[in-house]
């Protein structure tokens, strides 16, 4: 298992981490297999989406915050970041990627993103490369 | 890694792909292990849900489109398919299945579905079978 | 593959299952690898979230039920549990965890939860430990 850190700069944002994951896969010496990227935090997640137009990431953040408002009279958790926990469970804590010819195999427009829901913070990302 | 194509016929729909995945698993010669199904697109996803009553898939599509409307004054992405990208991140790009006795192991009512959010299109599905 | 059962007690709730998963991982004799936890039901799911303050799990349940109401005039599925199916696809059917030094490796505040959307019921959880 390898890991790297990401410094997020706002409360809710998508931070591209494809380059870091690609580099770990290339150095792993695995020709064919799988790569799992895991977020060890409960107010952040991981997702795969478009890495071409940054407005896609921006619109994802916009709508997720609209769907699950930061403030809701029904929340009870005293830390005040219930929305971040809820969104982490909706987006998910890990992504599974394929490895071929020693490199990460993604669709043409796909990138991997850490999704911050309670930033700014320093986040850790765990990466596991499995194969032969 | 194997792959197959799916032709979707409407903007938003669940397309059953269990048969194609089962067939790939059977031919893989893996007795015990795992099968990962991956969607290499950023406006479609993969999910596991009921494959008995088609109204379940229909209600899922209905509510996902209601939750994340196709049109929202706050979207900025110029392609106009922000809702599809947002839903892809909510539903997820892959599902992980178990393989036992050389076949796919699912719950009684479970099936695997490609979830189209920006169709109709031809979509690719990647399948990886890991094990011994 | 191992499995265990969980008895849920309300319609919608998060049930902690980290202890059961940890125990299966410890007994698997795998030093380094991965653990996949899978929910073989179509009206329940699995998630990773905070296992410290129970109000986090409570707020997740609260908001998921608010986002996807149990009753909606547009649902067609005759069993009347469309909301549970929709939420199962949003939360997901499996979680992927890492195994190191023969044990489950989670972030400091993370726990694994079965998410019941159509209880009370008895649910099965499947666990697979892969590695060396």
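In this document, chain identifiers A, B and C correspond to the written order of the chains, with residue numbering beginning at 1 in each.
Note that in this section contacts are C-beta pairs under 8 Å (C-beta built on N, C-alpha and C of every residue); 3 or more make two chains touch, one makes a residue touch a chain.
All of these numbers come straight from a predicted model, not from anything done at the bench.
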Same or different contact residues where chain C meets its copy chain A, judged by the half mark: different
Chain A onto chain B, rotation angle from CA fit, given as a multiple of 5 degrees: 120
Approximate Å spacing (C-alpha centroids) for the pair chain A, chain C: 20
Where chain B touches two or more other chains at once, by residue number: 67, 90, 92, 96, 130
Chain B contact footprint on chain A (complex, rising order): 32-34, 47-50, 53, 55-56, 58-60, 62-64, 66-67, 90-92, 95-98, 100, 105-110, 115, 130
Chain B-touching residues of chain C, taken from the complex the two chains share: 1, 36, 38-42, 67-68, 72, 74-79, 82-83, 85-86, 88-90, 92-94, 96, 124, 126, 128, 130
